[in-house]
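First chain written, first letter: the chains are A, B, C, D and E, and each begins at residue 1.
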Amino acid sequence: MSNQSAISLDKVNSSKKRVLKSKRDLGKVTIMLKGFIFPIVILVIWELTGAWGLISPILLPRPSAILTTFIDLVLTGNLIEHFKISLWRALGGFILGGTLGLLVGVAVGFKKNIEQTVDPTIQMLRTIPTLAVIPLFILWFGFGEVSKILLIAKGAFFPLYVNTFLGIRTVDSKLFDVAKVLEFNRWQLITRLILPSALPNILLGLRLSIGVAWLALVAAELMGSSEGIGYLIMDARQFSQTSIVFVGIIIFAVFGKVSDSIVKVFEKRLLKWQDNFKG
Amino acid sequence: MSNQSAISLDKVNSSKKRVLKSKRDLGKVTIMLKGFIFPIVILVIWELTGAWGLISPILLPRPSAILTTFIDLVLTGNLIEHFKISLWRALGGFILGGTLGLLVGVAVGFKKNIEQTVDPTIQMLRTIPTLAVIPLFILWFGFGEVSKILLIAKGAFFPLYVNTFLGIRTVDSKLFDVAKVLEFNRWQLITRLILPSALPNILLGLRLSIGVAWLALVAAELMGSSEGIGYLIMDARQFSQTSIVFVGIIIFAVFGKVSDSIVKVFEKRLLKWQDNFKG
Amino acid sequence: SSNSETSSKAPNKEIVVNIGVQGKTGILTYARDHKYFEKAFEKEGVKVTWNEFASGPPHFEALASGRLDFGSVGGTPVIAGQSGNVDFKAIGVTADGRKGNSILVPKGSSIKELKDLKNKKIAVAKGSSAYNFLYMALDRAGLTDKDIEIIQLQPDEARPALDNGSIDAWSVWEPYVTTAVFQTGAKELATGEDLNINAPSFLIARTKFTEEHPDLTVLFLKTYEEVRRHYVENLDEVAKEIAQSQKVDVKIIETVLKKSDPILSPATAEFSKAHQEQADFLYSVGGINKKLDTSKVIENKFVEQALKELTNK
Amino acid sequence: MTLLEINQLNKTFVKGRDVTHVLNNIDLHVKKGEFITIIGPSGCGKSTLLKAMAGLDIEYSGEIKLDGERVTGASIKQGVIFQEPRLFPWLTVERNIAASLPLSDSEVKENVDKLIKLVRLEGFEKAYPKELSGGMAQRVSIARALLRKPKILLLDEPFGALDAFTRSHMQDALLDIWKEEKTSMVFVTHDIDEAIYLGNKVIIMSARPGTIQNIINIDLPIPRKKSTKSFQEFRQLVLGEFEKVEELELIDSAGI
Amino acid sequence: MTLLEINQLNKTFVKGRDVTHVLNNIDLHVKKGEFITIIGPSGCGKSTLLKAMAGLDIEYSGEIKLDGERVTGASIKQGVIFQEPRLFPWLTVERNIAASLPLSDSEVKENVDKLIKLVRLEGFEKAYPKELSGGMAQRVSIARALLRKPKILLLDEPFGALDAFTRSHMQDALLDIWKEEKTSMVFVTHDIDEAIYLGNKVIIMSARPGTIQNIINIDLPIPRKKSTKSFQEFRQLVLGEFEKVEELELIDSAGI
């Protein structure tokens, strides 16, 4: 009897599974669509107010005008080149600053002693405005790529640093005792206990860092540059070419969302062991 | 015998306690001092290189010169006024943006449905550069305090939003089950389970938000302003009055550290129930 | 469809005039500090508000959004604003701009004349009047932008770059020129005067405002002219005052003020031509993406009337 | 009168392509005021079953009815004591017990104090969970569930971490409450004596997939004595049934 | 030969102005190859004592020596099974057992597999902790401690969440390991039978502050049988001692 029921259940399961799969796919599409509700509503209102002449196109060009400009820029304005350059800069700065943030965060989180020595200084540096340090960067590093990447790195450093630090400090001390009993060496302690446990926070820091890197790009490309999306925006602003400004803004927004989504995919994979509230 | 030992132990304890107290005070001072090692070393090197003429005072004025300027500005330059105005702006923007970030973060973290609708848009907005949206802010809100505060609020919103969201999503689902069994209503669920559990992350978000608010101030005070520390910095650059610029930078740094420390004090009080790795 | 309060014609509603200023040494800044405009407009029951900008271009964003009514900017931002279709009028010339821009080289530089700039790194802020000036200067020396390396830098960033030798020359406007000369001993390689380049600066106004309140526009210009006369006549005192409030060496301010040489004049044929040349030039080097007829934004009638009323008085 | 009714409950966990069948055709009726104890090998699905009864897990096939209505979610009607204490680490002992109820209410406060006395934690009212021993934490979670006077109380090895005497005390306290309040009880335990000492019925489960193997009615008068002959007879009966379930040869050497 | 030596151990917790005296003048010597079991009321300080022995807590007065050297920190010499499973939630069962050792090493892998079989978790090698039942998680933590062949194994209620049969099996498995490896054992339990079944010595602790009340030597041959008369005599002896500790009047009604 038990055998029979197992078989019938198997059938139920397999058919259920098929239903589940298509259901899941459908679910994914619905979820994606939900995310588009807001942007689309905004776009429609925007286009309409523009079309009805409620807002001057100099201040807020219509989405259609922005699209035209975008196509135009792609075809004739080396938009792709600009984008590539910006991407490299953002990536370079992010990798440099992010890695440092992670490493220093681990060191500071790991040893109270290091924390007491280093953290106060870092917290002071955190609120120094980028615009104010640009001259010093130029003084020390010139205005080449080095300065730009360092500027981006400066921005990307802090969120990862702070989040890594917090992540480590929320490691359950009970698990820490286990690690001690099993005589984990320092490397094992970091890779098998601290990093996995801090992972949710570290990944969050990663997402914030990527965002900040992308934002710092604008400031960096103000500095002796004649390429890049940031440059494109600021240049267009000088000449009130608002639709180019918006093309730039939208590239930033889209890229921000895309990079964020990539990290989220990793997050899902890496954190499948979690037993947390899912909303 | 047990009684006797208890008494002798009591004695040991009370004398121990006294020792402990003075020891603890001493410990606190040592910890503070440790935090000053780096800044002081840097200051000394800085002063010396300046004094030996290794660095032009226009590029990098000596700490002593900065101090003189600082005193001068306090006495004759309305530095305190500028600071007050900046403080109000930063505070206003931070409170507005931070509160919104917290509320939206709670809502989005709490309901998967809201997350799917709202979060993609927010993530897109996150990487839109401040400098690029200034014209729109001027258009919609003028140059008054509203624009400035909104600009700061925009910056302060995201760290709190993202960290609150994560905090909620790391609530242990086991405790969530308990809340369900005890029939917590929505308010109790948020105030007794979600917020306390997300508190470490929320407080971190708070610290990041305060930092960002302070940074956004510079951008905000570029916008049709003639007061505030940010304005002071940008203004001083016209005549390359670098020591004024540095006074501004140092005010930013010190204030950043101070506000950070205040939150950390709260953190310690609010999280005394935690049983975590302490470094 | 502007949402500014000033566009309201209702007599019972208070009219507000929004004036933009930039820099520390201009007439408008001086007037703001002494409340000249407040006094003049008070009689008409009009309120004055001031907005400070870091440079010319943001004026046009503010104009376009209806948040600004008057301002004083250089010639190049005016061209940029026109190319961006901002609805404004240039209602008066404030300077011929001959002494406003210079190309600087650091102390002890081997560059002695414009020709030496070949293959050098030169910093300039795109869209500024110094940008035009650099191109025209190169043109005079028989060079093009292919012969040099142009580094896009805002003045705040260019200054340390010049000081630490990462650039060879810097094309910039006042007060950066004088400050650099005084502070680091930089040399002026060429000035507008040397090259006989006119680059008129303008007072600008929001078109809608001038249409709705022509009288206030004239009043604005009259007040401006009165302040200017006082300012020019008392240049030494003004310099002292600014130097004190800005905590800058008085010699720097004096030099800057003397060079600025403020006037108020209609856009004469000579100025118009110079301005048109600037626009054509910008177009030719790709700074703007269309050919402009600059006379379209020039509106002389207000300044003419203002000057007439003042002489009649 | 049937209070809780489980019909043809089947539960599977799906993980990638693996399907684990955990509960198999479970049928169970709990009458009002009945005391049911469940024993079964570790991992056989007892906690999973309790979770379903509590309405904390509704992804199963079959149905669970409470008072004739389908259980669609958790509520205070079904009180639960989890296998782990699951205290809120940020609340003190008394606040953990009160949880959603206001301690400022004097009636609540009084009841909380009574329960603290019952679980013998006087003096620890203001302690945080991290300052408690394992058994103390478990007692706090017992007090928390008892405060709410549920219709049915689902207890997952509640006394597992208690020493023999505290355990006896808690068993009797639970019996007192049961008699007074007429709360229905579903009590998971690993202790066969405990199962017989407390239950009207002992349910024996087998593992992989979790199935109800046998139900033994215990018709001894209450209070029971473990040393009586009839008690020992039930003990042998239950052990024998359980033996079948485990089919282990090491029972003898285990010296039971 | 004494392996572990505890002299005049006193432990207090200070919280603000409150001082809780938890362990009072503990003296204990564990010989090489000895099996010591500890029983005592909930909250009497058993876990605290074990933590001190493990070197996880060194803030006490008095001294603890292992092999003649002061214990200043934790090490693999002292294996510990905690009261809760304390698994790493991000590691699968087999990785949790291997922990710091590389599973790619075939010897490690072999031992891990053997232990998984011993604790009866075949088929769950790749499961994450959240997919385990309470008893299964506890068995994983037992396997983890056994893999390391420590000199002394400190076990804090290791079999508390296991059903009677799995428990018997684990008890015998532990005795086998003890005989084979000559590991010294310190075993905390709430089950008096278990304490007598396993130990050379049963240590009875009393609470507030935690004190060693009595030490009873169990000189029965191994394997023991719970049904023998001598076993039952020891049971009565231990119970009597424990009774003194608790001084409860409800022992009779508890029906033990």
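Criterion: a contact is a pair of C-beta atoms (placed from the backbone, for glycine too) under 8 Å apart; a residue touches a chain by one contact, two chains touch by 3 or more.
Chains and their UniProt names: A, B = ABC transporter permease; D, E = ABC transporter ATP-binding protein.
Since this is a predicted model, take the numbers as computed values, not measurements.
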Once the contact rule is applied, which chains count as partners of both chain A and chain C?
B
Using each chain's Cα centroid, which is most distant from the centroid of chain E?
C
Of all chain pairs, which one counts the most C-beta contacts?
A-B
Using just the Cα atoms, superpose chain A onto chain B and tell me the rotation angle to the nearest 5°.
180
Please name the chain that ends up farthest from chain D once chain centres are defined by their CA atoms averaged.
C
Rounded to the nearest whole Å, what is the centre-to-centre distance of chain B and chain C, using the mean of the C-alpha atoms as each centre?
40
Using Cα averages as centroids, what's the distance between chain B and chain E in whole Å?
47
Centroid spacing, where centroids are CA-atom means, of chain A and chain B in whole angstrom
21
Contacts with two or more other chains, residues of chain A listed in rising order
59, 135-136, 139, 174, 237, 242, 274-275
By the touch rule stated above, which residues of chain D touch at least two different other chains?
84
Would you please write down the residue numbers of chain C that are in contact with two or more other chains?
61, 64-65, 156, 159-160, 163-164
In the complex of these two chains, what residues of chain C are touching chain A?
1, 57, 60-61, 64-65, 77, 80-81, 83-86, 123, 126-127, 150-154, 156-157, 159-161, 163-164, 166, 287-289
Can you list the chain A residues touching chain C in their complex?
53-54, 56-59, 134-136, 138-139, 142-143, 222-226, 231, 235, 237-242
Going by the contact rule set out above, which residues of chain B touch chain D in the complex?
174-175, 177-178, 180-185, 188, 192-193, 196-197, 199, 272-275
Considering only the defined contacts, which chain D positions touch chain E in the complex?
13, 15, 39-43, 46-48, 83-84, 131-136, 139, 157, 160-169, 171-172, 190-192, 197, 223-227, 239, 242-243, 246, 248, 250-251, 253-256
Listed in rising order, the residues of chain B that touch chain A in the complex are 31, 34-39, 59-60, 109-113, 115-121, 123-133, 135-136, 139, 158-159, 162-163, 166, 168-174, 176, 194, 200-201, 204, 207-208, 211, 214-215, 217-219, 230, 233-234, 237, 245, 248-249, 252-257, 260-261, 274-279
